[in-house]
Amino acid sequence: MEKVNIGLIGAGRIGRLHAMNLKYRVPGTRLFAVADVLEKSAQEIASQLGIPVVTGDYRMLLDNKDIDAVIICSSTDTHAQIITEAAQAGKNIFCEKPIALDIDQIDKALVGVKRAGMKLQIGFNRRFDPSFRKAKDLVKEGKIGSPHIVRITSRDPAPPPIEYIKVSGGIFLDMMIHDFDMIRFLLDDEVKELRAEGSCLVNPEISKYNDVDTALVTLQYKNGAWGTIDNSRKAVYGYDQRIEVFGSEGCIQVGNKKPTEVFWYGAEDTRSDKPLYFFLERYNESYLAEIKHFASCIREDKQPMVDGYDGKMAVIMGYAARESLASRKWVTVAEK
Amino acid sequence: MEKVNIGLIGAGRIGRLHAMNLKYRVPGTRLFAVADVLEKSAQEIASQLGIPVVTGDYRMLLDNKDIDAVIICSSTDTHAQIITEAAQAGKNIFCEKPIALDIDQIDKALVGVKRAGMKLQIGFNRRFDPSFRKAKDLVKEGKIGSPHIVRITSRDPAPPPIEYIKVSGGIFLDMMIHDFDMIRFLLDDEVKELRAEGSCLVNPEISKYNDVDTALVTLQYKNGAWGTIDNSRKAVYGYDQRIEVFGSEGCIQVGNKKPTEVFWYGAEDTRSDKPLYFFLERYNESYLAEIKHFASCIREDKQPMVDGYDGKMAVIMGYAARESLASRKWVTVAEK
Amino acid sequence: MEKVNIGLIGAGRIGRLHAMNLKYRVPGTRLFAVADVLEKSAQEIASQLGIPVVTGDYRMLLDNKDIDAVIICSSTDTHAQIITEAAQAGKNIFCEKPIALDIDQIDKALVGVKRAGMKLQIGFNRRFDPSFRKAKDLVKEGKIGSPHIVRITSRDPAPPPIEYIKVSGGIFLDMMIHDFDMIRFLLDDEVKELRAEGSCLVNPEISKYNDVDTALVTLQYKNGAWGTIDNSRKAVYGYDQRIEVFGSEGCIQVGNKKPTEVFWYGAEDTRSDKPLYFFLERYNESYLAEIKHFASCIREDKQPMVDGYDGKMAVIMGYAARESLASRKWVTVAEK
Amino acid sequence: MEKVNIGLIGAGRIGRLHAMNLKYRVPGTRLFAVADVLEKSAQEIASQLGIPVVTGDYRMLLDNKDIDAVIICSSTDTHAQIITEAAQAGKNIFCEKPIALDIDQIDKALVGVKRAGMKLQIGFNRRFDPSFRKAKDLVKEGKIGSPHIVRITSRDPAPPPIEYIKVSGGIFLDMMIHDFDMIRFLLDDEVKELRAEGSCLVNPEISKYNDVDTALVTLQYKNGAWGTIDNSRKAVYGYDQRIEVFGSEGCIQVGNKKPTEVFWYGAEDTRSDKPLYFFLERYNESYLAEIKHFASCIREDKQPMVDGYDGKMAVIMGYAARESLASRKWVTVAEK
């Protein structure tokens, strides 16, 4: 196969990141077109990176026979519709998470993709982080025997603006959705049921929007293992992303990445760096790796490691958590 | 004050440990007498350590006017009764946890202690561990701002024999009781409500005795902070005892202690020690420090840092966890 | 200023690395031309990266008025000559280390650069590593008081081929030269005298070429501080690059970088990654940062942080070490 | 064999430490007598620990038929004479380092011990530290292949008083002597030659007594491996005691011990403890282990792991270092 011709839909922060990676660091691909409803954004990125086709209307990309695949980084409410149309147009699809906040919409999109026989990869980039991936591999190789307890800590350095909170779908669908996917990824097993708690300890204003900024979820896998996840919207010491898998024959821990390896011993104490602060730094490698994976799936006609079903299950878990937070009860995690 | 004359009641493993510490490492005390229902055990320890008074009946110690204080390490079902009698006899009391498995018995014992005006310290030795104590001090000094999430991981290297499991009161009253005390200690705050889950992932036989070997508790403090605890009866890599306190201005983590500081870099990976395996090694310093504290409370007429109320609250939390495990619901933690 | 137009001279491994960085990751520059005596190599790189001008003769780049600066990655024996000619042609110059193995040649080249008033930066990329840079900054800020002892450990994962050893100038001029530069960088001070020892512990064949594969240097700075450096051509566990600066008020240590943050606790021990194996991975960030620095020095008309004098002093130290190895005596480090 | 009856000669700081350990923590021994030229010191320790025999004259201990062994902690200038007499009197001997500052005196003492057929253990306690011992065991088991480079860092938290410096024999015989022993211990090999440098960077007054406070030694083992040692009289961050053994198949590092396992993440950095400050804390376990070893050697009629020859070689190395510091040349390490 020749170079994979890619069209980018959505030229915001994440779109730009994928564009940079595609342009400079993913051999075998060609960033051929960019679309954004704010055509100016699309033009900016196009002139900066030398992208031949620029448009305000993503449908022009779908109609373009030279484009093999699209990367969807537009606003969440447009994902499902674009996926459906893109599949129909015969494009392979990479879509940022979540597919949609509505399960029916997700189902329709997935049916469309299946019918068209196209590939769909969802942007759960953390699966491609070298540390998390190694952790999962060790589990899979049986290095810790049967898993008993999975712990995930995931804390952002600072909360997003209230304007964003309002439309985010809430902490479970916006932030913990990554951890729900990680939970499934680490053990290759589904969650049977979960329960969630949370409150606003960072910023009380968030509660006005029926959301929380500090959340804990306890869950049980179908195979009997337990999981716990904690999220906070604000960790002053940086982006805190740790996992632990404890099993019958051992335990795997993944710690945070730090900007330097410097230790300073003084008369009072020993000091070292805090974790990397910004998610784009922390997950720099995984954003690149997921796009390389997508490109190689197209070229080698393989199924992407994170597919539409994964995208759907994480959303289902998010809703289960929301329901549990309200009811204070265990909620079964099930496809409807 | 002269040396504090101490009588030891119960010459089992923990009794022996306290005896060794008293004899050799706690200045200002004198291990004066030892009682055990198995008089032979008492005699053994007495001859080994040169303890003048030996008996099969603890009441002989209570009647002995030369004895200032008793250390109760007999079986749990005798604690409350001995506390009551010892207080009445004018002895200060150090008692291993738990005071009793019955709240009414605990209450009676505490009333007796109060009426007699004696001191009572409960053996939650982990409060005296240098690492946990420093963590608590940092929290108290406001170094992490307002606490939001407390995480405790507490895993034993190997499960006790089934015979012990049968009479232990269950994982929440036997093992997690230490973590319940630590939870209260770390934030100087009470728990409002909690919920518990668990199952037998280590040894299915344990379930026959209506107990679990893997347990998770989620709880909320009165001040709004969240807590999570996980316990396992078996961590092949040793005694896993970690805590984390996350707050608005930072995070404190306490890791495990290792036997050596050796790192070995080879062609495959880097290797280092696993954590200390045995609780007597891991908490060696804290067992000593708690007895020193007890002795100094007597000499300086201070209230012990871990008193009867602390002993009671941990048991109340244990019952709340048992109830929640059965009901799958939140249970309020309250003194009756 | 417009984009800085850059010509690359030498299309080998390091040349390719700089080319990739310039093309994709250094804004404000344009990789305009490439020259290599093996014209095919130049063509390859040019077609891969879309470089307009390709030639087998670097003089064509010097004659090209559109080129502002050259990056010299040709073989060491050509550096001094090309520097001289490039300066005369009014080009700013980035040159890989060492400038030359002959001090007179170095002097001539530096005179030429000075006379022409051009900028010259030498490729001691480790100065741009975030960890080493932070270490130096902490020293400069007085965080450890007066420096007393500097220790550098620098070990390669595997020795180069014997063919390379023959022409390398020996371990002191080929490998430890980086550490000599680091020694000067860390304290902003010159070395007064040094002594060197070494032998062939890795591969006895190396001794045939009057070289060693394991070397230790002890040195004293002009301000009185001591330094020690050890080098080995083979560390099976990867690329071992550590420094330590010990002073009157504290100590700074820089450890190795590892590919992941995974820790695996098993019944035997705890395992984690070995250090990164390959120098291009380890110093990935510093190679990029040095070229960005060069570009910004040109745009903002600043002196590069690593200049010709630095390049010369490291070579002088290398010769002093060779002399000391032979004489087993202290050798004064001095410009002739 | 019955309990080993031990007489302590010298009731200063180290004598007291051994006395405490013998009394409380070394089963199978009996601290039977204590002698000190300051009889009051002996009496103090005797009454505190209930030692039956007290005297101002160590000869009374040597004459006492009930005493099996003596522990010599008197001032250095008396060691050799007491060893000789004790051996003649049929006592096994534990002697603090160094045996003497005069090689002839050492030789005479060792001859006396040999002739009498008694055991002699020298107090190089660091060999008994669990971390260093594990490092040595790993080397011995071939885990790092052939050793190439040994690095020892040994820094005291604060310099001793000038009065002590005057009579100490200098940094090489007083402080680095421990590292010389460790160098021999780690590889089970002798040093062929060494060279030393040093100066007064901590306190210039020390130079008045022909001594240095900062010292570096480079050495070569008979088998060809290299070693480097650095010492400083003052590390503000505590007692810095690290070793590294680098070999053909790997590398072993031993780091410092810290008082707690607490890590505190704040908005600025991550903080943790500095190393333990005081040598009695750092080497607490090794002081106990060496005396247990001595007792077991007597009971089981084994040769102590650190004998008179070891004691002599460390002194010989100390003198070689002094000579090299003066001559600035390599000095051969050889028994005369």
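Per-chain numbering from 1; labels A, B, C and D assigned in written order.
Please note the rule applied: a residue touches a chain if its C-beta (ideal position, glycine included) is under 8 Å from a C-beta of that chain, and two chains touch if they have at least 3 such contacts.
The structure presented is a predicted model; accordingly, all values stated were derived computationally and were not measured.
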{"item": "Which of C-D and A-D has more C-beta contact pairs", "value": "C-D"}
{"item": "Relative to subunit A, chain with the most remote C-alpha centre", "value": "D"}
{"item": "Inter-centroid spacing, subunit D versus subunit C (mean Cα positions, whole Å)", "value": "43"}
{"item": "Interchain centroid distance [CA atoms averaged], subunit B/subunit C, Å", "value": "58"}
{"item": "Whole-Å gap separating subunit A and subunit D, where each centre is the average of the chain's CA atoms", "value": "58"}
{"item": "Where subunit B touches two or more other chains, by residue", "value": "235-237, 249-251, 265-267"}
{"item": "Subunit C residues touching subunit B - in the complex, by the definition given at the top", "value": "236-238, 265-275"}
{"item": "Sites on subunit B touched by subunit D in the complex", "value": "23-25, 130-131, 134-135, 138, 143-144, 249-257, 259-267"}
{"item": "Residue ranges of subunit C touching subunit D (in the complex, touch as defined)", "value": "146, 148-149, 151, 153, 155, 195, 197, 199, 201-202, 214, 216, 218, 220, 224-226, 228, 230, 232, 234-237, 240, 246, 248-251, 328-330"}
